[in-house]
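Letters A, B, C, D, E and F mark the chains as written, and numbering starts fresh at 1 in each.
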């Protein structure tokens, strides 16, 4: 998996600061009234279930925003699969800073690791086939980049980031074109030479048409595994095929076995179960 | 449930615009190359499962940000429980504007209605008891206000919004105080006269202490229903009690029957299954 | 008084940078044309009258924003009462940076210390009574947090920060309710369990009603000291009372002697006389 | 006095929205729980003391930000001197919107009219002389433009807005130059042809030097009225003179009589007593 | 050429408002002191040379930001080639608003139309060949989207918008890979299925290698027309070829005649001669 | 030439970060897929033509924004005239950071040095005369301060920065005044005492009028050199004169010889040819 450079984190800084501000507002009145200003503490972040880690650099950036003097030891890296009880990080410094940052850190780490862990389970299901698990644009508003990064941590592949870096012609576009083939040709005329065109089909008999019209990738929307197998035969390797719609942990293998190249799954990011991660804070003395 | 005034929506505008910008970036190249600039369309938003609606004013605000000329008919209001097939909204205007807004609208509406629907199921479980379902701060960074609004749409009650509008003393704070009672008294001395103090206890024998030290609300963390019942007896109505930790749709009734006043559930917002809502767009002619 | 953690200052950074930008705009043309780029200087900040200090960490943050290489020695802490001639800070570094920061620093330090000093005088007046001096929302737009922080430096207590962290039902709300008691009950039904309700009364005979309807705090608006004393008798300790309206340094003691718990004073922040603080800058050589 | 065009108000919008956000945060819980969502109201803004009005367009802009559907009747214009009881504005529309906007409106209107009223008293004092009352950069951070606009409403003249639009060489700059005359010449060499140079002098014998070195304006810092008179004689009309430092309503006339051209007064903006303005809100029915 | 939808303009609003703020700052003192607040005017925007128009919707958006009451008649559309003397727009309304907006409008319109006009000259040169003129990332920081839009107005095709929506492997990347072919394969493994890979070659003998390694497009960097012709022969239509480097209006035809598919020209946006457009403002009376 | 203090650069940070964000968006996919995360590199910035350098501190700030760990050696300073082949900077650190920053750095450095170099050629032409070359407000939106800074690096003088820091009455203003003299007097009445008034004249016979009405500077718009000479005679040194309109490298000397004080040239910033500067990146090992 690819790491983030400092600029990638800097460009996230506004998002992370807004997350802190949303939680802290004009001040953490509990901490302010129960923890001495000069108390030092150590926070231990611990996995309470098996999971794939995603978000460690994000935790570091949040700590830095809250208090640049905090020290963060990171025993694991993003993408690691860890067991229950694994320590994911130890942060030392001003106790008030630790307490103020706690919830924002956990909210992000639990979601991102939740996405990575779920992705990992799908990836495992298709092991040994050529199919790759890919994400969608069904992410939480404001967290697109982090959601997609977490998918990559879990072993998934990223589809286009947004409407600007890839073409995917869907039914809602086709409603304004006389035919799928016509839509592909209209798009090709207007698009730059680094742009690929993917198009969604709903019936087997549309497949040949769009291949002949020059589609670069074809998305099979809501096909059964059986129909998918027929589509793979028809396509005959001329274009990559992507399955999408109604795919679950239970049936994903059937799609992969049918021979498609990509399987995209909205649930990776739109219905994420947060994983269980705790943060325990205790007094600490600088040695 | 309480509606939002124009200012509430205006204060969300930055968040919504950022959500659009994240998806659209320098431009929707699919729409631009397949849908004529002057084409008109109608988008129908339809529930594909039974659900409780949350987010209609947010949809309206997104439409307005994308294109102030769009017209939005709203047959339902937030908080309504609707059946599969119910039309949640009809938007007419420039087809390109509809297509560009589609994903951002669905991502928010599916999440918010998902939260409301899940909350509604919990609320139903405790019907007839005095227990109220409340949310937590385990929301998605950047969407705290919308997540909590959706909980209210589903019939839940909102706990404090953030660290600034309520005191909740937890274990991580108590680590820096000699005793829970001492923590309560320290906090009371420093806090304004409109601030209530809630404190978390883990054992039955801590309960009397914190009541005597003047806690306004006590949170029973990870108590079994049986222990909860004993706690209710001990408290004897002197302070409201809140149950939290490990509560599911299966066991929530047992907690309610035990006699607590509030039951808070992180999963309402940290592990939301998006509900199924579609948006179909078709050509349309102004009459 | 409670200090600020690094995050509190970071959340103020936008405000402070805007203050600098407002003054400096595209550049300080006087300094640029009269002070050499490499000249070093020392700025001495000196109290020219007795005052209570508030704003030293804010000065440090401004210096940091202007030039991270500046060194700031801080002989005093916020909340200290100092005599004329006391040195409040010594800053050394690039002379141009000192000159550019001067006015922004003074404008904030003079206002904040002005608030603290004025608050201190009120606090002194009520010494020996149980009454606490509290602030209001009558602050300068954009400086709410700093204004309230300064009140705390002067020994005052902070009322709610804004409309979001406490309920205060006033005449303008009651115009839309059939009675004060009804208003309290309507509010209670809809508010979370950490929210207290304060309500404003204008006549003695409203007092019992609102106490019985469950008000948590009652504000006596524009009562004379004599009527205040009667209100204290009527309340009989069942709820805390707050005096407000027309209270001055001259009559504040009479209110405190009448037995109220809180006295809120808008003038602490809406009519602040800036205290006299100078900043002298001289050439300096690094040793 | 010069009005503001729409762009001037638009450029203030960020400031005004931040002011609202600071007060309203995640929501006005009092209004939300005591005033029905669909209630209509009328707010009357009334002067409770004689004053000079400043800020009416700002009130309009705030209303617009809170709720574009509010209607605002404006019986008076900025700069008008009004008596106690004068209605400054009537706003009708959604009651919740009126209540949410109330404090932000009053905080600004009371401060701005306070500045205008105070300025007006100074201007009155110097009536019949050629002296003009001017402001300084001692404004509240974030409100420079509004503070200076209010001074103009009161009949004062605006000095430079910030460090970028005028040169004023002070002691703190002179510390890095061999002499005032040298400083003026150094500045002249580097500054554009539309820039005037003002310089501060502290002693009579510096005056001739700086005039000969080409100062465009000379500021007499902390001169007595008697010394000011001598300075006027020495200057002999070759440059305009500005008095500054220690000038009050009591002694301002003496400075004006001494013959200076400008008298600058920091207190106009750094020690503003808010004027008394009320806002009463009542139910209202659209006719 | 493709138009902009309202959202595209909205996403530019921050940029345009910053441009206005940069010019207007705390206020246009010339207009304020020489043009009455209630004066009405008409501004005529006139081409003073033959040019291709680009930026009319941007002008409209600027006007709207300055003063929503301005009326803008637009006789021409973007992409039109017009003669000297053509009226590009007539704006009527408050004279002060027109004057304040003038320079920002002209600065953008002259630059954008300058880009379109220059692009048009290149496009004309290659008429009749299959070569398309494309832009680069050598745009002015902050104006990428507008610069590229203007290229499209002039008949050019847009290359990737930024580093995020297309892969172009250059020498500076190859320094970290053992061979171009290796780089292509490394990239392919990690990139999504909608991403094309373009790679830069400097010598004829690299061409076959990168084609065989699977490059989607090959950029011939600093090839002479003669070498370009040989490259076209070698490629034999297997991949599109792009010429880049040292291409001018004088030699562009030779490259097109050599048979390449795309010719990219940095000067289209990095060395733009502004075209001559005037804006004359005169008093005007509403009929 | 005058340097920038840290605050000047900080105030530019938003602009520079936006420039990076515009180019990098959600990530540099080429670098991410072809350059190892831990690879180190050295970037050499080299002049490929004789030029005057402008922008070195801006490069440093961009590097810092991208990756605070990058090391930047700066062999030259802004304002230096350098030969082809001169190394303008060497940056070492993470290779990915260098590649991501490359284009943003070059786009700004090539433009700014382009402005400085062009300005230098004009300055050279008028050597030995008293005329100074000055810039205009015809800058690229968003880069006003950098464009003007670059003019100063090239030896030019800066005219007013924007509409707020100097008065220049043009034809478009005069359309709303009965006469130029009247306009000057109207302006004088309303403007502060540090504001100079420049006015544009188009005919010789307007010149005396505006001088007598008290203009501080007169701009001769579109005068021939011959008419300029007559204007210089008429003015007789009573006010400085500025030539503007249609001035090129070819005829600028004639204007200077005619005896004017300032010559303003829009092309310095509105039609800048970028200078040729390369950045070569190679692997590097920390010693």
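FYI, a residue touches a chain if its C-beta (ideal position, glycine included) is under 8 Å from a C-beta of that chain, and two chains touch if they have at least 3 such contacts.
Everything numeric in this text was worked out from a predicted model, so none of it was measured.
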item	value
Chain labels contacting chain B and also chain F	A, C, D, E
Interface residue overlap between copies chain E and chain F, same or different (over half shared)	same
C-F compared against A-E, more contacting pairs	A-E
Centre-of-Cα separation between chain D and chain A, whole angstrom	52
Cα-centroid distance, chain D relative to chain F, in whole angstrom	34
Chain centre separation in whole Å, for chain E relative to chain B (CA means)	44
Touching two or more other chains - residue numbers and ranges from chain F	2, 24-27, 32-33, 100, 144-145, 161-162, 164-168, 190, 195
Interface residues, chain E side, partner chain D - complex	17, 20-21, 24-27, 32-33, 37, 65-69, 94, 96-97, 100-101
Parts of chain D lying in touch with chain E, wherever the complex brings them together	2-3, 5-8, 10-11, 144-145, 161-162, 164-165
Residue numbers on chain C that touch chain B, as the complex places them	2, 134, 157-161, 164-168, 190, 192-196, 198, 216-217, 240, 242, 261-262
Chain E-touching residues of chain F, taken from the complex the two chains share	15-16, 18-19, 22-36, 39, 41, 95, 98-100, 102-104, 106-108, 110-111, 114, 137-145, 161-177, 183, 186-187, 189-191, 195, 266-267, 270-274, 279-283
